[in-house]
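Given below, in the form of structure tokens, are the structures.
Shared between the two complexes below is chain A, which pairs with chain B and chain C, respectively.
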Partner chain A sequence: MVGKSLFIEELSVDFMISTGKVRAVDGVSVVFESGKITGLIGESGCGKSVLGMAILDLLPAYATLNGKIDWGEQSLNEYSIRKRKLLGREIGLIPQSPSESLNPSRKVKAHLNEALRPLGLKRQERYKKAEKLLRDFGFNEPKRILKAYPHELSGGMQQRVLCAIGTACSPEWIIADEPTKGLDSELCKQVQQTLQSLRIQGIKSMLVITHDLQLAEDLCDTIAVMYGGQIVEMGDVLHHPLHPYTKAFLDALPKNGLHPISQINKGVEQYSKGCCFAARCLKSRPRCFQEKPPYKGDKMHWVRCFDAG
Partner chain B sequence: MQDKAKILEAKNITKIFQNGFGKKSICSLKNVDITLNEGEILGLMGPSGCGKSTLARILLRLLPTDSGEVLWKGEAITKKCGHQLLAFQRGVQFIPQRPESSFDPRLRLGKSVVEPLSFFKESWSEKNRKRLQVLLTQLSISEELLGRYPHQVSGGEIQRLALCRALLLQPEVLILDESTSMLDVSVQAQMIQILADLQEKHHLSYLFITHDRELANYFCNRIIVMEKGEILKKGILQN
Partner chain C sequence: MKHYLLQKLFSLFLVLFGISLAAFVLGILTPGNPAELALSKGGYSPTPEQIKEIEIEMGLDVPYPVQYVKWLNRVLHGDLGTSYASSRPVRQELIERIPITLKLGSCAMVVTCINGILIGCIAAAFRGKGIDKIVQLGINISLSLPAFWFALLLILFFSESLGWLPTSGNGGIRFLIMPTTVLALPASATAARLMRSSLLAEFGKPYYLAAIARGTNRFEQIIKNALPNAIVPVIALMGNTLGGLLGGSVIVETIFALPGIGSYAIEAIYGRDYPALQGYVLVTGCVYVLVSLLVDGISLLLDPKVRVGRRRL
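Presenting the complex of A and B:
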């Protein structure tokens, strides 16, 4: 095994808003192993993107972060110039919504130029590297694309440009945040191929945040399921789901009958003493509301539920 | 299905967009015919850029056509304007893919939800208040959300609020343009369940635009597949 893994221990993220404190990530302890593509799935608002942004230190100023994030032996907790240099070069980001992530008034050339600046290359070398990057991501006419504005590209092309920007400095890790959100099946396939091609280009470790279960199944080596700010299960969850939430989430797929998950989500804060899914779980017992469920299973597949396993 | 009355029709619709100061013409729709019957869920499928959303906008009279006409309950509305269109505008409502873009970011959601009533010169009466209460219950929307701003609610919540705003006008047709594609599977399932319940209760007709084949197969009575501005297939989709 090469490269550094991401170690997260008891990570919590709180947001202070006008109505009070909202806990987006609640005591997450997990290891994202290097050399693997890990999927992070879960419903909207469960804290997937916040967890990704916490790793990259891209949270807004009003967020409070507690807990530990280590990249190999290096701590990512505290702000330092060294850490700032690391982000982008060692850990890259492919953000969600390409149309919103690219500056509409700047050409693709300007975007890539900016992304390549940390490498300290000369202008001409940067241009050549940008051309090569675009060619690697399936553009046959990179010169034309470099001169194009984002609105002149299709959704799939914009996504590929974002992939090129995210991988410009050949990082060891990539965090891809909802790379297929709102794209049609044809474009989803294109994005999936693009992400798969990152492996060929030497980026072996990836955290793919998505609610597209098809993408997770086709692309990822292991999948973590997040609910109410906590990771409730990790492993081969799509074929052997153990947690009641994972089962309910899979039941909501059209091929499984589109069954919505029972009851309204009552928030993380209310049941932070016990299991985060207890309020909506059909099998919950008084114990589920009072105690945090233990980790059950092994390194390959674990679950946090009193009943599972 | 054949016996049901036609509620919304598009006949021989062609739409050409001019690109690059008239240098290039792009034919977005080519002689498209589509019929939505009363109480029917009609699926409209196709890849990005095939003209689905353009057709929806033409049906809503948000875009003019180059040829062909749109009929509302058998009456051509393509050349009508102003107050002649009021019944149609109230009867056909639209739920976009990104509902957050259709809410004013400076207005609280409660104000945005009741705003269309003023367009139809309706006052904020007891009757409307009761109707809103019923809709909030049906759509599982907490009243507290109405005091928030659009950026303070989740994707599923804002989608339900957009649906609530449309239903407050008691429409007969809902045009849902990729309304569930931005939602995760659990919220999507909840939304589809709500739409199915509402359709049964209010006998609504839906034009359901989607690129999710499985979802269209599950939810729609009839499906139309488009490609490059033309209708490729009509009927029940199998594979």
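Presenting the complex of A and C:
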């Protein structure tokens, strides 16, 4: 069976705040293909988490969403995805900041119990299934973990519990939001192994939102680069970068010489008429400030830049 | 934890000492000579010799600190003095009146808890919708209704016009309905408002989003996930409210002629019955402190970090 891909068309997300509108996602059109692990990388504040939350319909009330999100044949934004009961069942979330994403006043058992409810199992079977899930994610004594409160678990354990919760109903899609944020390198490796093992659990497709390039390189089949609320390039970007931002981004890595990107990020709105990276780009021409660059390249690797391709 | 308890007990001791001091000073600062007041009941004017005699009898001729220690010693042995007005032991009078206030206070407390939590949850669940706006309006109206006026309005409507409920007095549950309503209305409004805002604050937290993302329904999201965390400040508020209710409401007990300790206090003030007032201040102060200690303990125990600590896993 061919899985369902996520089709996103001209998606914009605005936040209404006291000083006006802030555009966090700016006209993103992209296809996240089924059966692949897609990485979504970019600097802090580029809108990658907001994009993930927009897909899951978990944006706060003061956000306004424009554009289309289709999941296979189904439109997700015509009706609320929450009402369609896809969450947890078809699309799962592995949230960021493990320590804050578990309810501090409830036991692990209660969390898993909720996550497993859609399967319609009996109480005892549910308990068995919960134990099995925890065992799959590397817990040797699932019984004790089930009885524990979140504060009794280490960061890595919390992360694995959240993975177990997110995958409890074997959803087709998993969106992992910054799974390695705030973890040390040892835990990062653990998380990466956990995410890789998700494939064995029957999860076909994944969207991994991260700024951990190592994780993206090791885990993902294809990587989308986000800057200023737009996806500027998608494909094998780590080995064949085409967009000036991707190149600059990679040059800024310690192993490539720690070259800073010129100037600072001035936010999204100022250059929304043209290319979002134009103001910082070393090769920018007047045209870059006037028009939006077209999509160049093919399905496997595309880029939005006048210069590239 | 141990350190925290010790600290708490120490501050409790300090507060109780402060209350006793305040109650004692209240007796000293009051205008008029207690000995003269005790003698001059019924229009009788005592001679200076008689006053002197009584002063010695009442122990008023020694310095204040000595009086305080003697007084405190008596209080600790359960002797709160004798009421000027009735010449009966204050202890006895308080013991007769406390059950009435206790009954009224606990009724009002139960109603407040149920209403406050329920209405707060409903308003939060329908944030920004019609129900929420109606609740907000109701809260504002409830908070701005003066108790004495609302009480009179209830009497006028339910007792005078409809004749459903007794106007005043002490008796069965029928006598408690209106006083409970008057006491519970503003308390419920405050509780509901805090419950609502406390829940709304939880709705934005990562664990709540994670709960939505695992496909929970609205009931599970609000009642099972958000409520246990959101209720902590509400419980602290309820503790304060309970402390206040157990002190007796002067207005409500007076209007509905309930012989509780609130009306006892007001009678004591009218009659310049300082031993009675001292007794009232002492008892309600201690009750307030103990209730807030209890509530502190409950809030602590609601936090699993405190309750179970970090077990070895």
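By our rule, the second predicted complex is superposed on the first by the 303 of 309 C-alpha atoms of A that agree within 3 Å, B and C clash if a C-alpha of one lies under 4 Å from a C-alpha of the other, contacts with A are read in each partner's own complex, and residues count from 1 in each chain.
Keep in mind that, in the parts below, contacts are C-beta pairs under 8 Å (C-beta built on N, C-alpha and C of every residue); 3 or more make two chains touch, one makes a residue touch a chain.
Every value quoted in this text rests on a predicted model; they were computed, and no experiment measured them.
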- Query: Should the superposition on chain A be reported as showing a clash between chain B and chain C, or a fit?
  - Reply: fit
- chain B versus chain C as contact partner of A:261, first or second or both or neither: first
- Message: Taking the superposition on A as described, I'd like to know which of chain B and chain C A:282 touches: first, second, both or neither.
- Response: neither
- Message: Contact-wise, after the overlay, does A:119 reach chain B, chain C, both or neither (first, second, both, neither)?
- Response: neither
- Message: Comparing chain B against chain C, which has contacts with more of the residues in chain A?
- Response: C
- Go through the superposed model and pick first if A:211 touches only chain B, second if only chain C, both, or neither. first
- Message: Touch test for A:187: chain B only (first), chain C only (second), both, or neither?
- Response: first
- Partner chain(s) touched by A:45 [first = chain B, second = chain C, both, neither]: first
- Message: Output check: A:16 vs chain B and chain C. Expected answer is one of first, second, both, neither. What do you get?
- Response: neither
- Message: Touch test for A:252: chain B only (first), chain C only (second), both, or neither?
- Response: first
- Message: For A:96 in the superposed arrangement: first (chain B), second (chain C), both or neither?
- Response: second
- Minimum Cα separation, chain C to chain B, after superposition on A (Å): 6
- chain C contacts chain A in the complex at 127-128, 204-207, 209-216, 220, 224-225, 228-229, 302-305, 308, 310-311, 313
- Task: Please give the residue numbers of chain B that touch chain A in the complex, ascending.
- Result: 47-49, 97-98, 140, 152, 154-156, 178, 181-190, 192-193, 211-215, 217-219
- Query: Quick one: in the complex, what on chain A touches chain C?
  - Reply: 53, 56, 58, 60-61, 82, 85, 87-89, 92-93, 95-97, 100-106, 110-111, 114-115, 117-118, 141, 144-145, 148-149, 151-153, 162, 165-166, 168-169
- What does chain A use to touch chain B in their complex? 17, 42-45, 154-155, 181-187, 211, 213, 248-249, 252-255, 258-261, 264
